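You will see chain A twice below: alongside chain B first, and alongside chain C after that.
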Partner chain A sequence: MRANSYERDLRRAGYILASPAIFLILLISVIPLAVAVGLSFTSYDLFAAPRFVGLRNYQQLFQDSVFWEALGNTVTFAFGQVGIGVVVAIMVALLFNQTLAGGGIMRTLVYLPQAASYVVVALLWTMLLDPVSGPFSRLAQGLGKGPIYFLTDPGLAMPSIITMSLWRNLGYFMIIILAALKAVPRDLLEAAEMDGAGPVSRFFDITLPLIKSAVFFVAITWFLGALQMFTQSYVMTRGGPVNATKTLVYIMYEQAFSALNIGKASAIAVLLFGAVVVLSLLLRLLGAARQRVA
Partner chain B sequence: MTNREITRRSVLKGGAALAAALPLAGYARHAFAQSGKLSLMLLGPSTDTTDAVKNRILPAFKEKTGIDVELQQSDWGSGFQKVVTAAASGTLADVIMLGGIWTAPLASKNALLPIDDYLAKWDDKANFYDAMIADGSYKGVNYGLPLYSDTRTCLYRKDILETAGITEDKVPANWDDFRAMAQAVAKAGGSAAASPVFWNHDKSIGLQQSFAQLMLQAGGTYWGDDGSAQFSSDAGQAALEYMVSFFKDNLSNINQVYSGSGPMPVVAGSSVTHFGGVSTINNARTNAPDITAQIIAGKPLAAKAGGAPVTSAWINKLAISARAKDPDAAWELLSFLTNKDNSETLSDLYGGLPARKDNLDADYLKDIPAELPAAAQYVVPQPAHPNMLVIAPQINTSVEKALRMQADPKSVLAELDSKLNEINGL
Partner chain C sequence: MAIVRSKNSTAIWQVLALLLSALYVVPMLYIVMTSLTPGNEPVGQVPSHLVFSNYVDAFAASDFGVFLFNSVVVALVSTAIQLILSCAAGYALARLPLPASNLILMLLVALLVVPPEIVMVPLFVMTKSMPLVGGNDIMGQGGQGLIDSLPGLMVPHVVSALGIFLMRQFYKDLPEELGDSARMDGASELRIFAGIYTPLVIPAAAIVGIFAFQSAWNDFLWPLVMTRSMDMQTLQLGLTVFFQENSTQWNLLMAVVLTISLPVLILFLFIQRYFRADVMSGAIK
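Showing the complex of A and B:
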């Protein structure tokens, strides 16, 4: 009886200790999410009371070509940045995993952009990519080529934003992979080397399988973050040229604060949230299945 | 050191304290509202503007009325978002600055206070241009007073025109002349040969503004009597085809986009002309002072030889929040900020043209080409529309699509009309 009472007290204490966190999560995540889901079925302009419109916001979105363009741009950005980024992050982490003169300084330099805000980095890159005064374009002109319109050519705008985002985020994800590399047992690599395995074979057969959890984590978190890209487009291109860099979050912002169409903006938010949840679950299931096979 | 336990009682005590604090905070806000203080929100003020308002204008207002004014400010980029969310949450400043096309979107949401009663008793109203006062109205009700105007006309680089054999007295008057001028500049070679005409392509709605001018010059209107979009009308098509022809014939470069900082293309010399205003002169003063004297202004264009010149203006205003704590005091502040002296100061600092007729002799206008203020007589007002802030970017994107030759002007405009009708619920 006494033990039961003790356990009950322990449980109660646990609830009390966890309650501030639960309250905060409810306040800043669950309740806003529920409100967004509710608003997505309404017509609401911030001024008059929300009016229930059923699935109309979703229907209108699915019939809107700009929504599909934005979805395509978002997916292009996410796959472009993460696809290239993970490979580059692994390569840079492998480099920094060696004993290098000035390795610490180089690591700091690669990580440094992460410390700057996206707005600052976006403004900096807008200047770097300027077709008249930017160094890249000047270099091209010095080599006898014309100016390069990085941010105003529809074919170059998204790749330019991907490059800038990659530069900004690389350091953070590289550090995670580097930490995983540091945990790879040296004796395994040395044994493989003694058995005649070359550097490529050692990487693919020993290192990569041992760091795959970290790589998987990096890929998922980077990808999910990339699906929410907004600042770069807003600061560097305002979604242009001709919608070429408009993302889902960008059109959500436009709907909410230019069109005052909070219902439609909420519908976009709910769709994006749904996509993130489905992707996360799929990846989790995939990870669990792979672990079972292993 | 004492070990303090977290008990249910202490948690409840904390909750009670928090619950007590919230009404107190509300009471404090209420008390502030009753304190006779006003708030003013300015958008995109420079440091000089903020200094002038904070250190000269608002202290003078306090001396006159005894009312303190709290100055709030925001950039133009997020200005509408801030104003609209503040209006919705009841925290909008008492007197607020509005962009050129904001009156209808905010008035349609009942966020602004009608000022017709005040205007009816206000003698100073006669000193404003009627068209500019009218620009602050929506559905026949007036909501704002003009602070300054960004009136556009054709600005040229005199030195580049001369290399093409065009003297100052022969600047274009109509579309054909304008095109011939661009061809002559392209033929003459030099820095502006690759893109003689810059159509204000920027990251905002510059293309829409240029297209709107051409469409108005061609006799077009935005909306029909039934409220339906009229961009695919003959005038709209003529305007867009005219614009597109410059890009087809390499008289404009679609990738020449002004980023909002640094010298504008006309100032940099990479174009010979654009539809510009005082901001172009200020841009030259800041980025290339030697070039300032080379910038000359012509009349706004007419579509055809012998036709009437037409231009448009973006008139920034001051208005009163519908929830102003003391509307009479807010009107005092509004009328004080737009009196002759303050209007001149603010027009100058914001780089605009005066909204008042009695400021046409203002000192700061002496260095500005006379054709710029004179262009005010050719202004056709912007149509007030509650969805204008959604419509303008939509037009901009459609125009850009046509200029990039992703689709022909006719189909672009037909698609645009259909989209705008959908936005307007038609």
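Showing the complex of A and C:
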């Protein structure tokens, strides 16, 4: 009898404490996903009631060259930033894994831009990359070259945004890899050194296999984040020059709030969600084999 | 021999680390310098004298005072709500018998990787059609719902899968016996949660709180789509609008940039010792 009422108390407390959060999670994350799928099959302008149009939004997207450009830009941005970024993050983590004077402070400095918003970092870099007053362009002019139009040259705009994003995000991913490096047993490396293994072979034969799972984790989470790029393009280039920095989220925003084409915007969201699901399944598969990094 | 070599390589590492830090320090100092440059001098050069009134002028140049108020209210209120919800649900998942708790946990872990941008459009439609607010009827028609309102700006930030998930981990790390002895003394379940366990997770909850504050404070896309009037803009949005209308006033822009970044930077410096990889990559534990 007592045990029963005790059980009931526990259960009731569980319901009371958990339901508000679970309800809101369903309301702002799960249901919107379902709504996006539903709206992607409709024509909807926010005013008249949604009208079912089957797969038309998807068909139109696949025939739209701007969609393919945006897809290409998004993939370029993600592969560019993450491909370079993972290598740089490993190198910087190796550097900070050494005993350094002021290592803690320097690590914090590299990490700090992570706390700033994309708007702030984008404005900073817009200033730095200014063709007239920016230090990079002035340096080039000092060397007798013309001003460099980093953000208005179609060939330079995306590389500039990749560089700026890499600068901001490096610290976060570096720290995850650094934690994995710290877990590599020192005596293993020392034993290899005794046996005459050089630093390069020590890295590739011992360190890299041991931090592999952390590196995969970093690569996939970074890539997932990069697929959502919007703010940098909106602030720095407005998607230009000539669509050169328009991403999938950017055209989703345009479709929804400039063209009032909610159905098509939802179709883009569903496609993005598909990419996220595939990538996170990949992450889960790796996670099964992965030991904790810390 | 070995010692000489290691001394040399230590010096090389040190130099490389300093060069890398310079890549980060120089732009930050550049912001400070620009923010103090007089309006009639070119930016990017050491100013002839320092103009601290730029900070006052910047906030007078647009409605930055209003934007600051909006940002503070949105960030603080949504952080408070998210903390309470995360603690309550995290505790329930860690310590209380919940039906389908494994299913809920799987859902939370799955949601960790769903970026907020993906649900932006449907969430906008839903907040616009929320029944009985903003002039809407019971079917959610006729008005603008939560569009262009402070509660509307808070919507994506009041709860997060990551917050609940992290709080569950923190409560789980505490010994079960703590609650048992209080139960013997006749304490109610809610009292055990609020009075015994929760005070012990406050340092950990600070991490969740700062993540929540940062995501609300730094958010850009949601305020961009949610806001119609100038009165409802947040700092990130107002700054972008100001930049796109006055793109050459770098000294004023950088004064605002520095001011709006400081709160989060300071919070980060306070708690950075808690930023361990196991917390940041909590997603796949």
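General observations
Just so it is clear, the second predicted complex is superposed on the first by the 258 of 294 C-alpha atoms of A that agree within 3 Å, B and C clash if a C-alpha of one lies under 4 Å from a C-alpha of the other, contacts with A are read in each partner's own complex, and residues count from 1 in each chain.
Everything that follows uses one rule, which is that contacts are C-beta pairs under 8 Å (C-beta built on N, C-alpha and C of every residue); 3 or more make two chains touch, one makes a residue touch a chain.
Keep in mind it's a predicted model, so treat the numbers as computed, not measured.
In the superposition on chain A, A:257 makes contact with both chain B and chain C. By the touch criterion stated above, A:241 is placed in contact with chain B alone, chain C being left untouched. With both structures placed on the common chain, the touch criterion links A:141 to neither chain B nor chain C. Applying the stated contact rule after C-alpha superposition, one finds that A:249 touches chain C and leaves chain B untouched. In the superposed model, A:133 makes contact with both chain B and chain C. After superposition on the shared chain, chain A has more residues touched by C, the comparison being chain B against chain C. Once the two complexes are laid over each other on the shared chain, residue contacts for A:106 go to chain C alone; chain B is not touched.
Shared-chain residue A:17: touches chain B and chain C both. When the two complexes are overlaid on their common chain A, residue A:46 makes contact with chain B and with chain C alike. Common to the chain B and chain C interfaces on chain A are residues 13, 16-17, 46, 126, 130, 133, 257. Looking at the complex, you find that chain C touches chain A at residues 10, 13-14, 16-18, 20-21, 23-25, 27-28, 30-31, 34, 42-44, 85-86, 88-89, 91-93, 96-98, 104, 107-108, 110-111, 113-115, 117-126, 128, 155-156, 158-159, 161, 164, 183, 188-190, 193, 214, 217-221, 224-225, 236, 239-240, 243, 250, 253-254, 257, 260-261, 264-265, 267-269, 272, 275-278, 280-281, 283-285. Those residues of chain A lying in contact with chain C across their complex are 6-7, 9-18, 20-22, 24-25, 28-33, 35-36, 39, 44, 46, 92, 95-96, 98-103, 105-106, 108-120, 123-124, 126-128, 130, 133-135, 138, 167, 172, 175-176, 178-180, 214, 217, 221, 224-225, 227-228, 230-231, 234-235, 249, 252-253, 256-257, 262, 265-266, 269, 272-273, 276, 279-280, 283-284, 287, 290, 292-294. Residues of chain B touching chain A in their complex: 6, 8, 11, 80-81, 84-85, 87-88, 105, 109-111, 203-204, 254-257, 259, 262, 268, 270, 387, 389-390, 393, 397, 400-401, 404, 406, 423.
Per the touch definition, chain A reaches chain B in the complex via residues 13, 16-17, 19, 45-47, 126, 130-133, 149, 151-154, 237-238, 240-243, 254, 257-260.
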